[in-house]
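A short worksheet on the structure shown next.
The first chain written gets the first letter, and so on, giving A, B, C, D, E and F; residue counts start at 1 in each chain.
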Amino acid sequence: MQNRPFPWQDRPSGCQDVMWRYDANPIIDRYAIPTSNSIFNSAVVPFKDGYAGVFRCDNKAVQMNIFAGFSKDGINWDINHEPIVMQAGNTTMIDSDYKYDPRVVFIEDRYWITWCNGYHGPTIGIAYTFDFKEFFQCENAFLPFNRNGVLFPKKINGKYAMLSRPSDNGHTPFGDIYISYSPDMKYWGEHRCVMKATPFEDSAWQCTKIGAGPIPILTNEGWLMIYHGVITTCNGFRYAMGAALLDENEPDKVKYRTQPYILGPAVDYEMQGDVPNVVFPCAALHDTEEDKLAVYYGAADTVVALAFGKLSEVVQFTKENSL
Amino acid sequence: MQNRPFPWQDRPSGCQDVMWRYDANPIIDRYAIPTSNSIFNSAVVPFKDGYAGVFRCDNKAVQMNIFAGFSKDGINWDINHEPIVMQAGNTTMIDSDYKYDPRVVFIEDRYWITWCNGYHGPTIGIAYTFDFKEFFQCENAFLPFNRNGVLFPKKINGKYAMLSRPSDNGHTPFGDIYISYSPDMKYWGEHRCVMKATPFEDSAWQCTKIGAGPIPILTNEGWLMIYHGVITTCNGFRYAMGAALLDENEPDKVKYRTQPYILGPAVDYEMQGDVPNVVFPCAALHDTEEDKLAVYYGAADTVVALAFGKLSEVVQFTKENSL
Amino acid sequence: MQNRPFPWQDRPSGCQDVMWRYDANPIIDRYAIPTSNSIFNSAVVPFKDGYAGVFRCDNKAVQMNIFAGFSKDGINWDINHEPIVMQAGNTTMIDSDYKYDPRVVFIEDRYWITWCNGYHGPTIGIAYTFDFKEFFQCENAFLPFNRNGVLFPKKINGKYAMLSRPSDNGHTPFGDIYISYSPDMKYWGEHRCVMKATPFEDSAWQCTKIGAGPIPILTNEGWLMIYHGVITTCNGFRYAMGAALLDENEPDKVKYRTQPYILGPAVDYEMQGDVPNVVFPCAALHDTEEDKLAVYYGAADTVVALAFGKLSEVVQFTKENSL
Amino acid sequence: MQNRPFPWQDRPSGCQDVMWRYDANPIIDRYAIPTSNSIFNSAVVPFKDGYAGVFRCDNKAVQMNIFAGFSKDGINWDINHEPIVMQAGNTTMIDSDYKYDPRVVFIEDRYWITWCNGYHGPTIGIAYTFDFKEFFQCENAFLPFNRNGVLFPKKINGKYAMLSRPSDNGHTPFGDIYISYSPDMKYWGEHRCVMKATPFEDSAWQCTKIGAGPIPILTNEGWLMIYHGVITTCNGFRYAMGAALLDENEPDKVKYRTQPYILGPAVDYEMQGDVPNVVFPCAALHDTEEDKLAVYYGAADTVVALAFGKLSEVVQFTKENSL
Amino acid sequence: MQNRPFPWQDRPSGCQDVMWRYDANPIIDRYAIPTSNSIFNSAVVPFKDGYAGVFRCDNKAVQMNIFAGFSKDGINWDINHEPIVMQAGNTTMIDSDYKYDPRVVFIEDRYWITWCNGYHGPTIGIAYTFDFKEFFQCENAFLPFNRNGVLFPKKINGKYAMLSRPSDNGHTPFGDIYISYSPDMKYWGEHRCVMKATPFEDSAWQCTKIGAGPIPILTNEGWLMIYHGVITTCNGFRYAMGAALLDENEPDKVKYRTQPYILGPAVDYEMQGDVPNVVFPCAALHDTEEDKLAVYYGAADTVVALAFGKLSEVVQFTKENSL
Amino acid sequence: MQNRPFPWQDRPSGCQDVMWRYDANPIIDRYAIPTSNSIFNSAVVPFKDGYAGVFRCDNKAVQMNIFAGFSKDGINWDINHEPIVMQAGNTTMIDSDYKYDPRVVFIEDRYWITWCNGYHGPTIGIAYTFDFKEFFQCENAFLPFNRNGVLFPKKINGKYAMLSRPSDNGHTPFGDIYISYSPDMKYWGEHRCVMKATPFEDSAWQCTKIGAGPIPILTNEGWLMIYHGVITTCNGFRYAMGAALLDENEPDKVKYRTQPYILGPAVDYEMQGDVPNVVFPCAALHDTEEDKLAVYYGAADTVVALAFGKLSEVVQFTKENSL
């Protein structure tokens, strides 16, 4: 990550929040490619001397699909005009009624993509690529219904590890975060509950459901998991962003978890759009030496925005404001 | 329509969309008459040397009623401050708990108005006028519950023809477009299904329900029917606009139908208001020679806005982007 | 009806109810034909020197269809093993996804059958026959969604008249009785509300929904309309039977309507079956001279049963126990 | 109230509405104290030579609590950074899972605060203070579930009187205003229904539910009760403000009640926020001699705003626009 | 209770249950009075040399009302054919849309009746009588919505005490037992939560809602409160009977509570009727010396039945099978 | 299976159904062990010279657990009075809030039990035993929510294979049958959809949801899978039994599937009980030489019953009555 420019702005003077917004948000407009109705809930990863990404672009028929994109600086993006075409990976069954909410991570020798894959309802799709040109789709991780499948960036105790949220087939009104393990990215087991939606009285912004966001980041306090939480208002769901610290070797153990949110819908492009009041993080870049964290999030199910924080401060905030 | 000014703006440079918005939208403000809370979902028609219209004005008790209005240019409107008072037409039963979402069309010798009429729930009211001063209310077309009754501008096979959408008595979560015929504007029959809401995977923006919009326009590819489609997000309904081409003589036969929407909520006055994220077309003016189309639509259930397109391009777009 | 035997049993000694059950109920078992899962909600009519009937037989795939049957005495029935096949009547569009809950009536020169016809959801199907061998299907009376279409046995003011209940596409939790008129059994209009479900406090057994049952019977107090009413208990719907008297010439005027039910689910075959607690009348025979009334009703959505009353007493009871 | 500055702006020229907004709204920002996510639905009262208030501040965990605050001019406020801590008043049972939507009133010798108190669900909490430093919590007024408890500013027929709205334990989809009496602020009875949500046809903006707002103001036409009304749109609830006049000595008798709302969501900070489209009044200041009324209301469940009117005009408007 | 016969049958041989059924159940048939559709959920009390009772008789319009009745032996009952007519007691407001589920208790000098009273929805009605001929209706105890109001048979700490269950206005899918106090049977306060529905895993038969049944019985282990619990099956609610022991002086303190039910629907008249699978206790007689307990319960919302137990065994069972 | 008596009765004379009931049903009463409220949905398997079984016994607190039992003849059963206690198998995480609806199968060297296991909601629990005395619980097969996990009786293409039905956390109103594979009974993948609920018009008895029943039986037409199907009536769910034939080597391929049900609720113990109208098969014995099939099913969620058929006839019926 040495020579690669890191997307960054210092904290605005006067601001005392642990996270702050990029002042030129949104970084990707809803109409950034010709067919799109909205581009949001997308993932980025360091790639070569810049960055690659996998983007959720709903078209004007509101069909959901994922597209590859590239950037020198992590802020200005060229997104392909055609969706990713999958080849068969460790399976021949690569059915997909729709694809949305991707995450991307590099493990060992390749980039793994997970997403919400339509196979008789939503479940977790898995694919890998070496170059963001050819993509190889693997077995779905789970039976339907599931969303927000997020891989850890390295094996844990010799197994691949994935966070996910069991769901139903609609606008799921519940949802907790689980972890599952696999020896081979094909068969999954050892399912454990990690973290639940909270009682209303304890922390209402995350009382309806929660779901993992970016790839977890290893810190000296354990895995930093940024996630989204949802409250049901009388006018629907409101999505905000929180953080948790999971034990490094037993990541189903939650060490700390923010009682307050760390970023909630409060500016125009978050409060207004196809689904008002949504802040939905899907990816993060970090530079431990420079103590920088950049979180990519979907805003109002319409655009992509960027928020910044000091990595050490986010960890500290999580410890000091824990449930 | 020769000497009458046609409301129009050329496509903005750089815009590649098939439809574009009037840059002084909204053309009618929510408070345009003293009693109004909102003015939207309204209809206009050429009249004398200008235009007449029937406007849905909800008052500050949020009671729904329809009002006559007049304009020289189709953009600047004088709307009566009192709602339309009905006299008895082909019936003495002219009960009406409320009136909303009018359409207007000239057939043979008079102007016909249809609207959503409150008679033990919503159904389709019918009235005619010669002068937009005296209005004669006729038998309701159907039993409750129905909405979006839209007449064809001429008889088909010797019968009046009406599109409509069977509904329920609430915020109907389903709805398809039907056609019915009448020899006399009093008795209705020969009900046929024209077009259904789409499977989510095929075209999600119109997967919850659909309803006819402006009076259909006869083109050399058949009847151009502009309509609204609805998707259910986790924060409620989102209304967008599409187009279809129906067979000239058998209008229950759909020849083409847009998979993408042609205009969706994306600017402030469409995304913010009494019901956010609503684009609801109810009327259209066209000039075939000049190849101009002007669509009037309700925005956010609050104001009236105007969008333009080239008639031939809309037809072409519908054929080339058909489901 | 002279030589034809009338199905009858005198009131049991000690019984003071206005209606009483046949002591060999149910008269038709659920498995009376080889394919049937249940036979219920069916209609009978005098025919030649005996009776003909149209029967709802759901098969073991629980597909709904109607079957012709014949009887000498109105009690013992031979039901065809194959469903009725329709020919085209006053239309060529005779689509039917399913057929259920038939009614039969003789008017002028032929027998008319109405039923709940599956055409994009339930609506009212119409057919006629002269001989119960050949059946001619006509235009559906209404747009979906509708159920319980019941014709009057003669024209009223020169028009055919039909009772019906606007519905939705599921287990409708509401429903009132309307009347509509037609000059020709093809086009229907002049829709009027006849009678609504009652406020809970006034008569709770009919507070969820109501629907017309047998063909109305002309008495010197007007039309006797036997109908079903539904209450929603914490364990689902409960259907019982009531009676009303409608004005002879203006049948949307209700003269009397029973506050209490006249027969409710209280014996084994009514309280136990595919849908417990259902008494659903669909047909009635009467002999004015002998002062006899025999009502056929579906019990527990499973079998057909029979109840008797003195016609004059039912009329008197309706007048004396009116809402 | 003599020397105390009254928060006020004259009606803008051209404005013909009975109420108008303060042009520097919102007066309190969502982040006005360090922990807050939103500050809204709050109450103020004259205190010493300025004003005191009790503010609903939801923190960034979206936990609801009430905070004291002080102001010289009623517009610029210093809100404590710590919530109110209660001591025991006429009870030892001062359980409270959460506190929200406070009202404040001075009666006889002290200030009484009522609020929505979490005790096995929402009910009405009561406390008193002499100095806004020490607070004494009393018995809850009612069993759960209840909201919007509002005291009258003096005893009526020798008893304390409280308006309230029986509710359920969620986003209650119904709700009417009742009055109850107490000899001692501990035992409550003589419950009477004051005013119901309206039939949709009569006044739709208040057809889902209603609730009392500020402390009623005694005028020579009786008690002026400003209240909120709710309509259910297809995208959720919309809250607006109305007014009623209650009989001075028998306040369960409604003399007048506005059919139109007097202020509805129509500007940015009302239409956009954590819950879009909410105008929720909780407090009012008035100066009868100067004929001034200032209403504090929560906007979009996010901020506090201020609206003004002439007291005599609001009374007159209520009489002339009554249901 | 000396000379008065106690309704009783010894435990059948072989039976090992703590409660057993009367072998001639049901003791009161659904049609026991001429107008009744069902007689259930009713209360009895020793009176003179026999027993008096207040009975819920729904008529054939399914209107709910309460009727007085008398018995020599507690098993054979004469129920009045006319409902109880109320005179004004400590109030003039004795509105009542309906009355159901009565309880009766003697305190000091008179018999008090509580019931579910229809006043803008269900709440708790109160009346007293000295002779079961004249009845004096008092102030409703609470605001709507409430059900299952049950008085203690003596004052506790100098106040009247009542159990009740806050509810909603439908087939309430939740509900816990509370206690409230009153100095004068007019004003009520000091509301405390006594006992909640259980987590599904702990005791599923009572996991949807619970409600107090007969008047609590003072034992040397505290107040024996027999109550009903409800589970939601995929076919609706199922009501069974349990028991709890409350502290004598602080009855909001639960000492013991049965994890298993003590009587559940298992015989014909409990599993079949207007609402299948309901056992609903409303009254109990006991004879401490003879160690006898007789519980009256409504079965299937249709009839009245009787179950017996040894008082000491029920207390012992409650202690030994406590949650 | 040679010397072991097979539970059997020949088809009753006159019966033409493909399956018939044992005339001494139910074979296990709801109170067969002291603590039980109901015993149903249970599994049996040949064991030593008789049979072993795993039984769902809900206790009188309606807590669900599984119990071992033994029988010489498959009809008369001794069920242990204490539930099965699990030891750790291929995992140490053997949490279980509840256990219900077991299936049992012998594979290679041991008996495997699957059941609906409560781990943050229902999922599929797995255990093995060699002797029905010691039981070893393994990793749950899937994330929540899932029900009706049924193993094949031998490996397919070298992998264990399991049918299951993804569900939600309530009375799931949807549900299709899937298959998944595992190399080691610990990690699961290769999830494929096998068979879906049917459109209402095609076969209504199975239009709400379906779920696998007994262990599939290998026939020369492929795997015979007996399953349950559900229809939603206006009074709740109705469960009946059907059959399908799956390809021997690719069991996600459905060769045949009965359009009609093969056994539906029609006798007292099926139509009346804790959940009326339930026939729920969980186990089957077969003797290919003798051409006998015996199916164990839960009736009305209350008791265990037995039905018989000729194996070849059931296969033939499935082929001839296929959807």
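List of remarks:
Just so we're on the same page, a contact is a pair of C-beta atoms (placed from the backbone, for glycine too) under 8 Å apart; a residue touches a chain by one contact, two chains touch by 3 or more.
Owing to the predicted nature of the structure, the values given are computational and were not obtained by experimental measurement.
Annotation of chain C and chain E: jointly contacted by F, touch as defined at the top.
Shared contact partners of chain A and chain B comprise D. Taking each chain's centre as the mean of its C-alpha atoms, the one that lies farthest from the centre of chain F is D.
Of the two chain pairs examined here, A-F and C-F, it is A-F that is joined by more C-beta pairs in contact. Among the remaining chains, A is positioned farthest from chain C, on the basis of C-alpha centroids.
Averaging C-alpha coordinates per chain places the centre of chain A 59 Å away from that of chain C. Rounded to whole angstrom, the centroid-to-centroid distance between chain B and chain C, based on C-alpha atoms, equals 40 Å. Those residues of chain D in touch with two or more other chains are numbered 235-236, 272, 276-277. All chain pairs in contact, by the document's touch criterion: A-B, A-D, A-F, B-C, B-D, C-E, C-F, D-E, E-F. Remark: chain D residues 91, 93, 119-121, 123, 139-146, 164, 166, 168-169, 174, 176, 178, 180, 182-183, 186-193 touch chain E in the complex.
Residues 30, 34-35, 37, 58-64, 97-98, 118, 171, 235-237, 272-277, 301 of chain B are the ones that touch chain D when the two sit in their complex.
Residue ranges of chain D in contact with chain B, taken from their complex: 16, 200-205, 207, 231-236, 238, 259-261, 264-266, 268, 271-272, 276-277.
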